[in-house]
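In the two complexes that follow, chain A is the common piece, with chain B as its partner first and chain C second.
Let's look at the complex of A and B:
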């Protein structure tokens, strides 16, 4: 199925749906324990990654902590 | 208040802009902005706000200037090594623009002191280096209904978001809780390209100036990310999160507390 991930087209080896947890694994997303996932514009609860389903045509954003500034 | 001849000359390039004019310049001169952090982000923020004639600028930072800061913290000079960053910053700001009121706070923000600090200002800018401060600034500004600019940098990447509490997504709408201690590398551990805070800090200062002027569209509801290596900006639309622990429908955070677990995320040494 085809998704838009961080603004770019991405092809995922799945038929029509995949859980967010599986998507994080499949894409080997960095900082999987801390990354924020936005699915079709909504921020997902971290404890809902197993239940949330990504479908063909969906838009996914991974948002990362960025802490520096002063040092 | 009437602009003096000298002010009309000093701010002439602002006054020429229809979005600013004499009226807007007076708004800036009457404006009050708090800059938390006098480091990489705080340097361009403080310099540009001073040059722009923002009349009262607060600047908070507990640290002294270290020689390893000078690669990017452009408000501090070699001769300032060892000096309190807030005093070094104040000297440069007043050298640019002697008519400003620069208020220094030589301390970190804490759950005890931040609410009183924030209350004195129209707009707050987060130029800090650690998640404890970033979450505390968000919480203090959301609880006080104070607009602020979030900024973060690491290596070649940066991100910024403007928060208008109650109206737009806050930092906790995106990141409900700080990452565990030492989970995310800091600039002192992972490095940062020196020009990066110049880009992000200048964007944050722009937001403060636009807010004071009431001009244009703020960076609300959009997380702006910048990659220096790819030389690419991206915007990610972010909505208010109904489950946000501070600005959601059933907030669990109703008073300020320090995120103790996150306090040492960024190595505050050098």
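Let's look at the complex of A and C:
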């Protein structure tokens, strides 16, 4: 399954769909308790990570409130 | 927050909560005294600035030593996130400015630390933010003072130096009913007397310079986000983009990404390390601070030359009942006493040999000060009265020395008045 993750192509060992929780685990996303997930431009509810599904061709962004922005 | 924090009792959490193993098996996060952090590629730094990746960039924004303390303080207060700052005043200023805008109003307890009073009454007033002060024991007056412009309710757990103890849960109920957050300065009570989140505090602020640091070796502050306030509110349109992206982290996100970053009152890594050292022994020290304060209060209350003693742990204190319930039988390490007049107060201070005459609380050492001529000297008689500061009043921050030596020091100085 091919995705665009944080603007870069990413290949995931999954057939056609996995949950966002699963994706966070698979990609070993850092500090998962804080991460915001944007799926195809929509911000997901934190408690919806199990239910939300990522499919081939989707665009996923991981965002953190800790850093970023112009200094 | 932090897997290790769950299920631990409070004293254990002070030591282990929110901690992570250090490099080389170190049991401490080292003091990373570096202003900025380098990356191999331009792409990595781009991701960090876009908030797509997590990592250190610049110490004003974040630093591993600061982050380690933030996670520990969040765990101790049962919060979802914390921000450490250069001082307690920096914590209050940053947290308040993250919430209110020009035209907004703060509803505050009148019984405040002098610096906070000055911030609210004078400094913020110059930026179009009005503060209404109410007697924190008059809950009807508090509820009646809420209006359409109110955006924040502020209170100290134990008024410094008034030593009054407001009912925090009642404050929280009024804040909740009014749709505004409750910010609680828990410096004097410390997390040892109460986790104010449980009482309904949405945002907790501390001057870590005091009991949390504990040995008076550095100035610091902290903001802890309980994660309880719903920022998805028409009263807070400026939180909308942060709520949309970060949901219950909206307050911490707005504070970090905007206010804390722009005001720049970041803590120094060395100071954060020292605060973390203090945090480990907070419970042990507070137990002794409380026990010693109760002993000294009892001694002073029975002394013929002492006109009155204000300590919420004395059964005849008007705040005994609420303090006893709210703080589960612990009353803190600060008390005030009244003598005949200002010259007697000065003679007492000058006669003490162990207790140090200085402007601080929360040290291992017993400290005294005459607030009317020092930390509250700039205020009018009217304001001093509001703060409970009179000419004959001496404030004592009771240390963790042997209580017999503290009592003997006061006994000798009182005998020689």
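Just so we're on the same page, the second predicted complex is superposed on the first by the 66 of 71 C-alpha atoms of A that agree within 3 Å, B and C clash if a C-alpha of one lies under 4 Å from a C-alpha of the other, contacts with A are read in each partner's own complex, and residues count from 1 in each chain.
Operating definition for what follows: contacts are C-beta pairs under 8 Å (C-beta built on N, C-alpha and C of every residue); 3 or more make two chains touch, one makes a residue touch a chain.
What you are looking at is a predicted structure, and each value in this text was computed from that prediction instead of being measured.
In the superposed model, A:31 makes contact with both chain B and chain C. By the touch criterion defined above, A:42 lies against chain B but remains apart from chain C after alignment on the C-alpha atoms of chain A. Of the two partner chains placed around the shared chain by superposition, chain B and chain C are both touched by A:66.
Once the two complexes are overlaid on the shared chain, A:13 sits clear of chain B and of chain C alike. In the superposition on chain A, chain A positions 6-7, 31, 33-34, 36, 43, 45-46, 61, 63, 65-71 are in contact with chain B in one complex as well as with chain C in the other. Residues 6-7, 30-31, 33-34, 36, 43, 45-46, 61-71 of chain A are the ones that touch chain C when the two sit in their complex. On the chain A side of its complex with chain B, the touching residues are 6-7, 31, 33-34, 36, 38, 41-43, 45-46, 61, 63, 65-71. Across the complex, chain A is touched by residues 1, 47-58, 60-62, 81, 242, 244-249, 252-253, 256-258, 261 of chain C. Chain B makes touch with chain A in their complex at residues 37-42, 61, 63, 69, 126-131, 134, 151-154, 157-159, 173-176, 179-180, 183-184, 186-188, 192, 197, 200, 223, 234, 236-239, 241, 243, 265-268, 270.
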